[in-house]
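Structure in C-alpha cells, see below.
As written, the chain order gives the labels A, B, C and D, with residue 1 at the start of each chain.
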Amino acid sequence: MSSDIVFIGLGHMGLPMALNLVKAGCQVSGHDLVAASVEQFAAGGGSTGQDLAAALGAAKVIITMLPASRHVEGAYLGASGILAQAAPGALLIDCSTIAPDAARKVAAAAREKGFTMLDAPVSGGTAGAAAGTLTFMVGGSDEGFALAKPYLEKMGKAIFHAGGNGSGQTVKVCNNMLLGILMIGTSEAIRLGMANGMDPKVLSEIMVKSSGRNWALEVYNPCPGVMENAPASKGYSGGFGVDLMLKDLGLAVENSLSTGSSVPLGALARNLYDIHSKSGAGGLDFSSIFKMLAKAE
Amino acid sequence: MSSDIVFIGLGHMGLPMALNLVKAGCQVSGHDLVAASVEQFAAGGGSTGQDLAAALGAAKVIITMLPASRHVEGAYLGASGILAQAAPGALLIDCSTIAPDAARKVAAAAREKGFTMLDAPVSGGTAGAAAGTLTFMVGGSDEGFALAKPYLEKMGKAIFHAGGNGSGQTVKVCNNMLLGILMIGTSEAIRLGMANGMDPKVLSEIMVKSSGRNWALEVYNPCPGVMENAPASKGYSGGFGVDLMLKDLGLAVENSLSTGSSVPLGALARNLYDIHSKSGAGGLDFSSIFKMLAKAE
Amino acid sequence: MSSDIVFIGLGHMGLPMALNLVKAGCQVSGHDLVAASVEQFAAGGGSTGQDLAAALGAAKVIITMLPASRHVEGAYLGASGILAQAAPGALLIDCSTIAPDAARKVAAAAREKGFTMLDAPVSGGTAGAAAGTLTFMVGGSDEGFALAKPYLEKMGKAIFHAGGNGSGQTVKVCNNMLLGILMIGTSEAIRLGMANGMDPKVLSEIMVKSSGRNWALEVYNPCPGVMENAPASKGYSGGFGVDLMLKDLGLAVENSLSTGSSVPLGALARNLYDIHSKSGAGGLDFSSIFKMLAKAE
Amino acid sequence: MSSDIVFIGLGHMGLPMALNLVKAGCQVSGHDLVAASVEQFAAGGGSTGQDLAAALGAAKVIITMLPASRHVEGAYLGASGILAQAAPGALLIDCSTIAPDAARKVAAAAREKGFTMLDAPVSGGTAGAAAGTLTFMVGGSDEGFALAKPYLEKMGKAIFHAGGNGSGQTVKVCNNMLLGILMIGTSEAIRLGMANGMDPKVLSEIMVKSSGRNWALEVYNPCPGVMENAPASKGYSGGFGVDLMLKDLGLAVENSLSTGSSVPLGALARNLYDIHSKSGAGGLDFSSIFKMLAKAE
C-alpha cells in the first residue's frame, strides 16, 4: 500500500514511528518544529520541506504524535489547524497520549466537519517505536478502526479497538495508572521481604506463581539483580521514565476529577512519583521507585 | 506412608486439611476446643479423644492451624505446650498465618529445645483446603523442608521453600499485601474506565494483555459479569473474605513497623479494607472493594 | 454610599449577599437564570427585570457568584459576556470559588480590555452570607482591592488581600484543602482515642490545648455530643456539605496537577470524601467523615 | 516537700526532669545504664551510686523515663524489676512514651501487686524538660493523679488527667498522630500556594485566621523565613526530630491495629515520615517534611 500520509510530531516516539511507515513503502510528509528532527526524518528517507497547509490539503491520512492535550487541541482546532486544512475524507489519527476529555472534544469537532478521527495512543516506549512493536489502543468507530488498522500495523504489533472516541486514551490512562500502582506495590512487597532477611529473587519467584503475580514481577522486577535485562539491573536506565509515568498518572487523576471517580491508590501513586521526581529521579526508569523505599546510599 | 500425626486446630481450614491427611493414609489425632469440629473430624475418619499431652508425646509430626500469633505462641510456648510435651525428634509444622516475628520467636524456642520447626502458611482458601490443592510457603531449614514435604503434598499441590524460619510467613505477608493492593488498583482502573463509558470486559481484556496485567485481571475480575466464575459474578460470595484480607494487611503493616519498612500503598490498602469492613462488608469476598468505589445502590 | 451594582448569580450564597448590599443602601440589579431566585431578590428589595446587557453597560460594579470555572469563563469571556458589555472603568468582582488558573485567565482577559478585576471567593457558608459575616480572600491589584473593599465590607467582616489576581482563589483552595485534611485527621485521632476507651470530650479538651490544636477541635468537633452547637451534634445537618468540600478538594488536586505540586494528604482526603459521598453522605456536613471511620449503625 | 524518689532513665529528657526535682528540693536517687548520664546527674546535685534494688525498696515514688515499650516492660515486670522490689505503697509513675497496650499491661500487673501506677508521658521536648514547662498527660485513678500531681508540677506546667490507666499514652499517641498529619497538611497547603506564586507569609497569616488554623500555623510554621524562631528558620535544627515523630506515628499505627481502627491519614503520614527519614532527614526537625515536597536543592 502506498499512500499520502502527513505525520506531525517527529520526537522520540514520532520519528521512529514515521520512519517505519516510510520503510513499509508509504509516502510520508514529516513535520516538526524542531529542525533537527525533520533532518533526521529526511535522512531516514522521509519526505520533508512541504508547506504544512498544502500537505494537509493533499493527505489521505494525517497522523499526530504530540506531547500533551493542549498541543493536540492547538494542532487540530486552530484557525489554520488540521480540521481547517484537511481534505474531505481524510482519516485523522492522533497517537499522542492526552486526556480522554480532550480526545473526545477534538473528535467531536472533527465529526462535526465530517472527518473520521481516531485516538490511538501507544505503549512500548522508544524501543517499541523503533522495532515497530508498539501496542495501539484505539478509540473511534468500527469503520475508522478498519481504515486505520493497516497503517497502525506498520508501526505496531498489537492493535486493540477499545470502543468509541476517547476509549483509546481511556484504556491507556487506566492501564498506566494500574501499572504505576502495581510497580509501587511490588516494590513495597519486595522491600518488606528483604527487611525480613529474604532473598528478593526467591520471594519474587514465589509471588509470581501466586496471587501477587503481575507484569512487574513477570518481566520488569524493580529490584536490581533479580532480572538481568530489567532497567533495575542497569542502573534504572532505559525503560519508561519516572516523569513519563508522572504525566500519565496526572492524566488519570485529572480524569478522576472530571468523571467524579475514586482513585485513592492512583492518586497516592501520583504523589509518590512526584516526590520521587522532585528528589532528582525524574529521568530514571519508573521502577526506581524501589529506591525511594530504602535508606539513601 | 503411615505415621503418627497430631493436628491441632480443626477450623474451616484445619479440618479439611487434616482430613486429607487421613485420606492419604496417615494416622491423625485431631484436637480442637470446639467439640463440633472434633466430631466432624471423627465422622471423616480421624482419630479423636486422645489426651493431648499423651498424643503430643507420641507423635512424629505435630501440625498446628490456629487463628493468630497469640494462639500459636500459647500452643507452643506454654508450660504444658507443645515444646514441653513433644517427644525428641518430633517435626513441628505451623500452618497458621501469623506475624513473621512470632514465627521466628517460636522457631527459636523450638530450636533451643532441639526441635526442627517450620512455618508453613497456606493460600488457596477453604476450597483449596478441601481439594488438597493448597499452596504452602515454607520457612525453615533444608532438612526440615525435606522432612515436611511429603506431608504437605498430601494437603497441597505447590510447596515452596522460601528460606529460613519466618520466611514462609514473610512470603505470605508480602504476597497478600501485594494482592490487596492489586485488587484495589484493578478496581480503580476498571471503575475509571466505566466512568468514561467503557465496557469493563473490553477494558479488562486489553489491560490483561498489557502492562497492567495481574492476577486479579487474569482470574479474579472484581467487576460483576466480566468473569462468570469469579466471586464478583456471584454476589461477592465465596472466595477470600474482606476480614481475612484485613487480617493479612494488618500483619503486613505490623511487620512494616517492626522492620522499619515503608509501605505507603499497603498501609492505605489496609485502611480502605478496614473502612469497607466497617460499612458492613466484612463477610463478602475481598474483590467487593470494587463496590466501595461507586455510588451505593 | 449608593451605587449601581449588577449582581449575577442569586443562588444560596449570592442571594443573601446581594440582599446585604441592598440593605446597606446600594442600588443592585439582580440576575439569575432561575426565576424563583430573582423573585426572592425582588421580594427582599432588590431591583430586577432589567435587560442584562443594558444593566452591565450602566454598572459601576459588577459582582458574580457562580458555581464553577466554566460558568465564570462563560459569563465574562462570551461574545455577549461581561467583558464585552461592561462600561469602561467598571469594577469586576468574582466571588465564585473556581480554579486559580481560571481566575488568572479571566483576569488577564479583563486587564487586556482595561478593566480592574478581582477574584474574591468567600468562606462562612450560607449562615455567614445571611449575617453579612463572610470572609473574603481577595486577589488583584492594591488599587482594585481598595476600590472593592467598601462593597465587600457590606457582605463580610474579614476582608483579606492575598496578592495578585488568582491569589484569592489560591488561598481559598489551600485553606480548604488543609481544612479537609485536618477534619479527617481530627476524626481519626478522636476515633482512635475512643477505641482505647477514652471520653472524646476529655481527649478533645486536652488536644485543643496541645500541639494537635486546630480549628475543628476549637469550634467544629466532629464527634456528636462534644460541642452542642457543632453540626455533629445536630445530625451533621447545616454547616459545610460533604459535596462542597469535595468540590474544593477537587480544585486543590486540579491545581496540584497544573502547578506540579505534591499533595499526598490532600489527594487522599479528596478520595476519602469522594467515597464518603458515594456512600450517600453528600448532603451531610463535612464533619460526618467521622462516621465513615466507625462501624455502620 | 522533701521525699525519696528513684528516677530511672537519665537520657535527654529524663536528666533535666530529674534535675528539676532536685532543684525543687526532692531527694532523688538517679539510675541509668550510661555512666556519663549518671555523672551529669551527680554534677547537678542528684544522688547517685545507690544499689538499685535497695533504692527501689526505700523509695516513696519511682519514676521511669525509658525509650520504648519493651524497656518499660523489662523495668517493671522482670524478676528483679520494680514490681518485685518496690516497697508497699510506693507510687509508680512511668513518663516514657509507649504503646497504650503496654501501659495497660504494666499497670494491671502493678495493680495486682497493690501498687498505684500512672502513665504520664510528656510533650514539650528537651527544651521544655530543661525549663520545667513540660505537659503531662496522665492516665490512672483519681487518687493516683492527686498523689502524683505535686511531683509532676515540679517538672511541668500543664498536668492533664486523661482517664484510667493507658489514657495518658492514648492522648499522647492521638495528639501526636494528629500533629504529624497537620504538619504535612500545612506543608502541602503552603507549597501549593507558593507554586501559585503566593507569599508564604501572607498565605499563612490568612489561613491562621481561617478554618485551616492549627498549631503549626500558629507557632511552628514549616516554611523557612515565615517565623523567625521556628526550627524551619534555623535549618530545621532543634525542635522535635523526624525520627521521634516517626516513633510516635508507629505507636499510633500499632494501636490502630490492636484496636481495629481506621487511620488512613495517620498511616500515610507515618510512611511519608519514614520515606523522609530514609532519605537522610531523620535528625532534622519534623517540620522539614516541608522540604520533601519541593525539588531537592
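Just so it is clear, a residue touches a chain if its C-beta (ideal position, glycine included) is under 8 Å from a C-beta of that chain, and two chains touch if they have at least 3 such contacts.
Source: prediction; values computed, not measured.
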Check: Looking at CA centres, what chain is most distant from chain C?
Finding: B
Note to self: So using the touch definition from the top, which pair is joined by more C-beta contacts, B-C or A-C?
What the structure shows: A-C
Checklist line | Whole-Å gap between the CA centroids of chain A and chain C | finding: 38
Check: How many Å are there between the centre of chain B and the centre of chain C, using C-alpha atoms for each centre?
Finding: 50
Margin query: Can you pull out the residues of chain D that are in contact with at least two other chains?
Written below: 260-264, 268, 272, 275, 278, 292-294
Item checked: Parts of chain A lying in touch with chain C, wherever the complex brings them together -> 250, 253-254, 257, 260-264, 267-268, 270-272, 274-275, 278
Checklist line | Contact set on chain D toward chain A in their complex | finding: 268, 275, 278-280, 292-296
Checklist line | Parts of chain C lying in touch with chain D, wherever the complex brings them together | finding: 100, 123, 135, 137, 158, 160, 162-164, 166-167, 170-171, 173-179, 181-182, 184-186, 188-193, 195-199, 202-203, 206-207, 209-215, 218, 220, 252, 255-256, 259-266, 268-269, 272, 292-293
